[in-house]
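Please go over the structures that come below.
You will see chain A twice below: alongside chain B first, and alongside chain C after that.
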Partner chain A sequence: MDIAFLYETFVTLISAIPLTLQLAATSVALGAVLALGLAVCRLSGIWPLDWFARGYIFIFRGTPLLVQIFLIYYGLGQFREVRRSAFWFILRDPYWCAIIALMLCTAAYSAEIIRGGLQAVPHGQIEAARACGMSRFMVFRRIILPLAIRQALPAYSNEIISMVKATSLASIITIMEVTGVAAKIISETYRAIEVFVVAGAIYLAINFILTRVVALIEYRLSPHLRQAPALPAVAAGEMR
Partner chain B sequence: MNTMPDIATTPAIEIRGLRKSFGPTEVLKGIDLTANEGEVISILGSSGSGKSTMLRCINMLETPDAGAIVVAGEKIAMKTDGKGKATIVDRRQVQRIRSELGMVFQSFNLWSHKTVIENIIEAPIHVQNRSKAEAIAEAEVLLEKVGIADKRNHYPAHLSGGQQQRAAIARALAMRPKVMLFDEPTSALDPELVGEVLRVMRSLADEGRTMLVVTHEMGFARDVSNRVIFLHQGAIEEQGHPGEMFTNAQSERFRKFISG
Partner chain C sequence: MTQPSFLDLIGSGPDGWGPALAAGALMTILIALAGYVVGMLFGALGAWAKIAGGPIARGVAGTYTTVLRGIPDLLVIYLFYFGGSTVISAFGHLFGATGFISFPGFLAGALAVGVTSGAQQTEVFRGAYKAVHTGELEAAIACGMSPFIRFRRIIAPLTLRYALPGMGNVWQVVLKESALISITGVVELLRQSQIAAGSTGRPFDFYFIAAIIYLAISTISGALLQFSEKRVNRGVRRG
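Let's turn to the complex of A and B:
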């Protein structure tokens, strides 16, 4: 074991962590918004919207993310219309192509998770909100969404973790995130095992922290699912 | 035989010619009912007779097919669309009228992610735009009144059914409703918890609140209400003062119904 080399690799790879996190955070955040829209389409009961969302989810869940990245980065540039469009300055940039591909992909998975969460909201609680005179939008914002998020969070945390790992695919279109930098070191040193072990450990550490953070959020959001708090002696005495 | 309170005011609720079908089955076949201010009306009838549907049409949780709903003199605007289906004209009018009617459900329907006090202050703050301090102060008075002040910061899941229903009543009262609508408020409760909820409802009746109560509690119907309505297959079969109805009902079906 060459501790010095491992350490050197580690220090170099650390400098790429911000880019990995940035790719993951941006695509997950944008993807969540898109996913919410898709989930609402799926549940809208308006068939063109429903079928659009179904088709979208079918395509983006059914094809490999790597293929999607290639198609967006190399494929779209083949069309002259795209090259001349206002979006070309974004679509020629590998960074934004990676973000777009990751976002579109996570949106497909997240839409189904969110749909499950929305469907699990008890109907009676929605009815109680309507009976109070809340507008449809207020019912959604104040009652349905908070309940759906609580329901969906455990499954959604898996999705976030898989997105952190999926950012490594961006290296294929020249993005120098953790895996991209690792590949470059390997091409210079031919020491694949050591470099990938360090890179793997970095992803492991990121996801470990991420899991803890999500678990904490989950804990904070779900006091109603836990045992009632132990009552102080005085209050307990008043209980019937 | 019908003892109406002789106060000459606009009725709290007027239902005229109310009809409602689900698919081919007509569930309400033309209901006329006037609830005067301060009246407590018990609505009885066997399961499936349309009691819930009638109550839910009053605050438009179900859209009636025909007929008129008038709340405190204000008619809910309805129109028939191109396909001949009745629809609401002004969503905001309905929302405002809903906020003036307190609804209590059989299954409580408290918002599970909010504590008892948060449940109570939610609509006063967000629908009625009252200040948080005012809403909390009023909620605390209501919690005291329904006897669960010590459960202020508990989540619904940590309460008994009776406590949950009392919290739901407090939530409805927090909107300062003109009329309270109860849909079998004690039917989901263990027998030993029914009394605590009925006590709260009785105290509301004693305050002179206008209440429409769908119930199977014959004791409540007989002792607390001013009027009993007996619904059979979507029509009012008989109505009258409970004293009359329970001793001297015209309807054979109602006599059978109360004898069990």
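Let's turn to the complex of A and C:
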């Protein structure tokens, strides 16, 4: 293998990492908000909301992300009304189209994860909160949501990682993130294997760090699952 | 000139792209099936290495699943498509061919999808094998079955039963991943829609119908999977 070429590729690809991270972070953050809304709709017991959320999730999980990206980026421009609307400056920009598509797609997957987390909250906890006199909203904010987040975190970390991988599709609509730059180098040099090794290593590193970070958050959020730290001698003495 | 309606576009009339789209959908199913079968092979090999392999085999299988689940599928497709072309061109030059020989997109796509889904399939098979009760294996040994008969009569059917839900998930992923193969020029559903969108100037209509066809394929195959799950579980007592 040609070390100089690998190094050169690595340096070129590093400059594209911020864009990949930016795409992933923005769409995951926006998607999480949308997903929470969808999950609440699913569990609201109000049938129009429930069925809207069901339909949304069915459609976005049943179609390839690339089709969704094309539908938004190329498809919407077909309508004169869209081209003349105030949103056109967003919808003709591949960056924002990629973010919208990624956000809508991840929302569908995350909604089911969050719903699972919300449903896993033990009923006793909610009853206890109600018994303390908390309002419905306060119960949700202080009890249900934190417990649900803790419950859903392992599955959600998988979703975040698959979103980092999904940002690569943005390269197909001309966005030069890591995969886009990698494809450009491949088509200029025809050295697919070397470029693949470098780009793959970058994605692996990003995903490895992400899993570590989520594991750390999970650790912080579940002190009840750990052994209690041994009490210092003085404190133990005072307790007698 | 009046614009053809949506139904004209997807029909089989003079303006209709119906037959082309149907052929594209068929190609999508074929390429997804081919990729899925390759993935099953890789998955079976990987699970076998992880369960029964020595330290080297386990290490290789572990690296395989970690790496392939951590990098984008699109990158793997680029690797197989461009990398395959490079290798094939080099071979061609040995035999006196000149210039660039491109690797067949169908093969590159099926291999790429197979290798990525194989990593997921490995974990599905491994988990399913672990779910088989040791008592069943002991009973098989006690009956005097040889390792091969044990695998064929006891391990394979039971593993399949536990693996089926996971295999169904992998199939849905493979089906959606097959859309990425359109970048290699294989005229599957998405590529056909792109061609139609380009030549009619009606991108929304064609990507919309493509989305509906994908939805239909995944719904129908989902129903089939549910049916077969019921069938392999018909011997299980519930409640």
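Assume the second predicted complex is superposed on the first by the 229 of 240 C-alpha atoms of A that agree within 3 Å, B and C clash if a C-alpha of one lies under 4 Å from a C-alpha of the other, contacts with A are read in each partner's own complex, and residues count from 1 in each chain.
As a convention for this text, contacts are C-beta pairs under 8 Å (C-beta built on N, C-alpha and C of every residue); 3 or more make two chains touch, one makes a residue touch a chain.
Just so it is clear, the model here is predicted, and its values are computed rather than measured.
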Is A:130 in contact with chain B, with chain C, with both, or with neither (first, second, both, neither)?
first
Contacts for A:191 in the overlay, against chain B (first) and chain C (second): which applies, first, second, both or neither?
second
Answer with first, second, both or neither: which of chain B and chain C does A:71 touch in the superposed model?
second
Taking the superposition as given, does A:223 touch the first partner, chain B, the second, chain C, both, or neither?
first
Of chain B and chain C, which one contacts the greater number of residues in chain A?
C
After superposition on the shared chain, which partner residues are touched by A:199: those of chain B (first), chain C (second), both, or neither?
second
Look at A:40 in the shared chain and tell me whether it touches chain B only, chain C only, both, or neither; answer first, second, both or neither.
neither
With touch defined as at the start, can you tell me which chain A residues reach chain C in the complex?
58-59, 62-68, 70-71, 74-79, 161, 165-169, 171-172, 179, 182-183, 186-187, 190-193, 196, 199-200, 203-204, 207-208
Residues of chain B touching chain A in their complex?
59, 61, 91-92, 95-101, 103, 105, 107-113, 122-123, 126-127, 150, 154-158, 168, 171, 175
Mind pulling up the chain A residues that touch chain B in the complex?
122, 124-125, 127-135, 138, 142-143, 146-147, 150, 221, 223-225, 228, 235, 238-239
Can you name the residues of chain C that touch chain A in the complex?
66-67, 70-76, 78-79, 81-83, 85-86, 175-180, 182-183, 190, 193-194, 197, 201-205, 207-208, 210-211, 214-215, 218-219
